[in-house]
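In the two assemblies presented below, subunit A is common to both, partnered first by subunit B and then by subunit C.
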Partner chain A sequence: MSFTVKKAGDVTIFEVEGTLIVGNRQELKQKVLEEIEGGARKVLVDFEKTTYIDSSGLGVLVSLAKKIRESGGDLRLANLNDDLQTLFELTKLDTLFQISESRDRALESF
Partner chain B sequence: MGPSPMGPGPMPFEMEFPSDIGYIEAAVAQVVRRCEAASFPGRHLAFHIPVAVTEALSNAILRGNGEDASKSVRLRVVVDAHSLVVEVEDDGSGFDLDACTLDPTTIDNLGREDGRGLFLMRRLMDSVEQFRARGNVVRMTLRRRSSDDRAA
Partner chain C sequence: MSDLDAVLSAFRDATGCSASVWAQSAPHDPLHIEGGDPGESPVPPPEQRPAEGSIELETKDGLQVVARVPGSRAAWLSIGPTTDFAAARLGAKLLLPVSAQVLRSQLEVSHAAQDLAERYEEINLLYSIGEILGRTVSLEDAATTILTEISETVGARRGAIYVIDRTVGLLRPVAVLGAAALADIAADDAVAVTARVFRTHHALLVADGAMQCDVEAPIRRGAMLSVPIMWATPQGGVPLGVVNLSGRRGGQPFTASDQKLVAAIATQVGTTIQNTRLVRASLEQAELTREMALAHDLQMKLLPPQDSLAPDADCAARVAPAESVGGDFYNLFQLGDGRVGVMIGDVSSHGYRSALIMALVMSATAIHARGSADPAATMGALLVSLADELRETEMFMTVCYAVIDRRGGTVTWCNAGHPHAFMVHGDGSATRLAATDPPLGLVDDAPHAESRAWKADDLLVFFTDGIPDARGTPKKRLGEAPVLDVVKARRAEAPWRIVDGVFALVEGHMGEMPPRDDQALVVLRTTDLA
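After this line comes the complex of A and B, so read on.
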């Protein structure tokens, strides 16, 4: 997994490329937490280039959503492919996160 | 490992590696590659198999072996035209599969950071069994034909 951090106005965007699984989830968590400590409050994770996510990856997203909310911010997700959408529906995490079908839609939603 | 549920048939693929989560992705790629060669559907290759195998290996390393790198994990895979059977064995003392499978979709559990692994394995594969052999074994079976019938 690799990820890229971008800014769009006051939104910090994390593009996740490859897998988000038990072996690499801490990298994403650490980087997002650093951005929050640096003042980021609107955070978007873009999964356009993500292959699959396991339960540990989902757990990190849940954890980050809590921390960002406690900081007065918001975590939103975008660009889930059909399999990732199914994953979120199976676990009902689609009810916990605001998920947009595209990055532009997500940016508009903040 | 325990007896193959398939009897004489394709040669199983086996690998053993130290109890380190850094090995998971490469091991999963090996399983997917064999299923791809057996013409499993794309959704199985991109979703069901990698997620379920990652969960099984993760459980073996983190829980079964307590992330003790001096212990090992053994992976055994049998693929044919009809099904995939994956066995993951750790050096732990085992667990109660039903008791440990939470429903992460309840209101009480939805906000939990953990507890989705076994649930996903059981939703994405056709069967998940657990038994004792040399160590603790989790066996997962995915039938190719059922792919379009599953909820996932």
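After this line comes the complex of A and C, so read on.
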């Protein structure tokens, strides 16, 4: 996995490329937490280039969502492919996140 | 009779003239007879022994010829006294080179014997060290004995063996001779001879007073021989420690021969150190393997027997952890009045952390399930029991718990984010028992339950994501549909046959690839009410 951090106004965007799994989830978590400590409050994770998320990866997203909420911010997701969308639905995780079908829609929703 | 005796005897038989050869073993030693008859041909007093060449002495019994035997040893040939002057002079001419050759040969034999004796001592030392090292798996146990043996052989009264502790970069003394305990030496110490020899891999013969260092002072008396302990590898060698010897008897310096001998022993010691480490690592690995096998057995014993629901239901289940232990589990409950409870769960991640959570879940559900036939109530109680643990460990789990009421013809389920929960019907169709809530540990809300009709020919099929995520290559995921296809095709068979069929599919798909995640499957068919 590799990820890129971008800014769009006051929204910090993390683009995740490849898989988000047990072996690399802490890398993403650490970087997001650094941005939160640096003042970021609106965080968008863009999964357009993400092929797979395992249960540990899902756990990190939920953990980050809690921490951002506690900081007075909001974590939103965008561009889940069909498999990932199904995974979120089957596990009811879609009820825990605001998920947009595109980055633009997600940015508008903040 | 010696060779020289034989020659001198033959000369006397031929000429009637006696002869003898006398020699010194070392300067200032008295002369001793090497051959011949000392009574008939005595050695003359010192002032009558020529330093070289020969002299003729006139005695009352006739002429005595005394000649210096050429060679490194002080030796003389004495012929006569005799009245046969010609025989005496001829004898000197003939016997002198023969005597010189015999004495030279004797000297060479003597040197060879001395060399052999010394080599024997060294070979014996190497053999002894080999035996000592062969008997032990701990260098520390043998180090003092080895150091004593080496020191005695090369005549050292002080010495030490150091072995590197790479975790802290220190050379630690494992044996000390002739001094109290020594301090550790840093491998990068710029002054200590020991550290330098360790770093350069080259032995040093240090002269008396040279390269003094406080940490080595207790064993320094005069010259010091410092030799690296090497473990030979195809790449050249890895330094493991250093042998230091000092305080040689007589104050003599160590020789190149001493260095060679100690280097040979150091190589044996190095091999033993490495073997000891390998043996230790192997024992630790074997112990770890035993503990992992024990942990696996213990975890499997936490799972209920597959016939727990008999006679109300026919159930088959299998859990295959990706490591020795894992976070996938199932549980079965007979709830009375024709009702059975079936639970499957998957704790996030796998390995020991997951296994510990799984063990907590098994004990908690055993209590809560018997308190209520309502799956939502059981799951709610389970969440309360585990909430703190899940929060602290940042873990969560998907759990699906279904209660089948045979009398009422219903199945009621509470599904906390578990994606693979199905009913496979008698007609071959399948219905997903969809998640009613997010996975446990992600939200604090109480879980919900849903119900639908249950028929006698329905199958309950629960599995964890390790089964559809099984991969034959990194990108070739098995998927959910083929698993359901096997179940549908075998829906009329006994549950254990269906479980076998699914695992055969999974194993066939993975081939040689190891499982990435734990795998669990439960298949259940209820029996008719009596």
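Please note the rule applied: the second predicted complex is superposed on the first by the 110 of 110 C-alpha atoms of A that agree within 3 Å, B and C clash if a C-alpha of one lies under 4 Å from a C-alpha of the other, contacts with A are read in each partner's own complex, and residues count from 1 in each chain.
As a working rule, contacts are C-beta pairs under 8 Å (C-beta built on N, C-alpha and C of every residue); 3 or more make two chains touch, one makes a residue touch a chain.
Predicted model only: the values in this text are computed from it and were never measured.
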Return first, second, both or neither, reflecting whether A:S71 touches subunit B, subunit C, both chains, or no partner chain. neither
Report for A:Q98: first if it touches subunit B alone, second if subunit C alone, otherwise both or neither. neither
Who does A:L87 touch here: subunit B (first), subunit C (second), both, or neither? both
Considering only touches as defined above, state whether A:S55 meets subunit B (first), subunit C (second), both or neither. both
Under the stated touch criterion, which partner chain does A:S109 make contact with: subunit B (first), subunit C (second), both, or neither? neither
Contact-wise, after the overlay, does A:G23 reach subunit B, subunit C, both or neither (first, second, both, neither)? first
With both complexes overlaid on chain A, does A:S63 touch subunit B (first), subunit C (second), both or neither? both
Contact residues of subunit A, present in both the subunit B and the subunit C interface: 22, 54-56, 58-59, 62-63, 87, 90-93, 95-96
Contact residues on subunit C for subunit A in the complex? 346, 348-349, 394-396, 398, 416-419, 432, 434-439, 442-443, 465, 469, 517
Residue positions on subunit A within touch of subunit B in the complex are 19, 21-23, 51-56, 58-60, 62-63, 66, 83, 86-87, 90-93, 95-96
Given the complex, residues on subunit A that touch subunit C span 22, 54-56, 58-59, 62-63, 87, 90-93, 95-96
Give every residue of subunit B touching subunit A within the complex, in rising order. 21-22, 24-25, 43, 46-47, 50-51, 54-55, 58, 62, 104-105, 110-117, 119-120, 123, 151-152
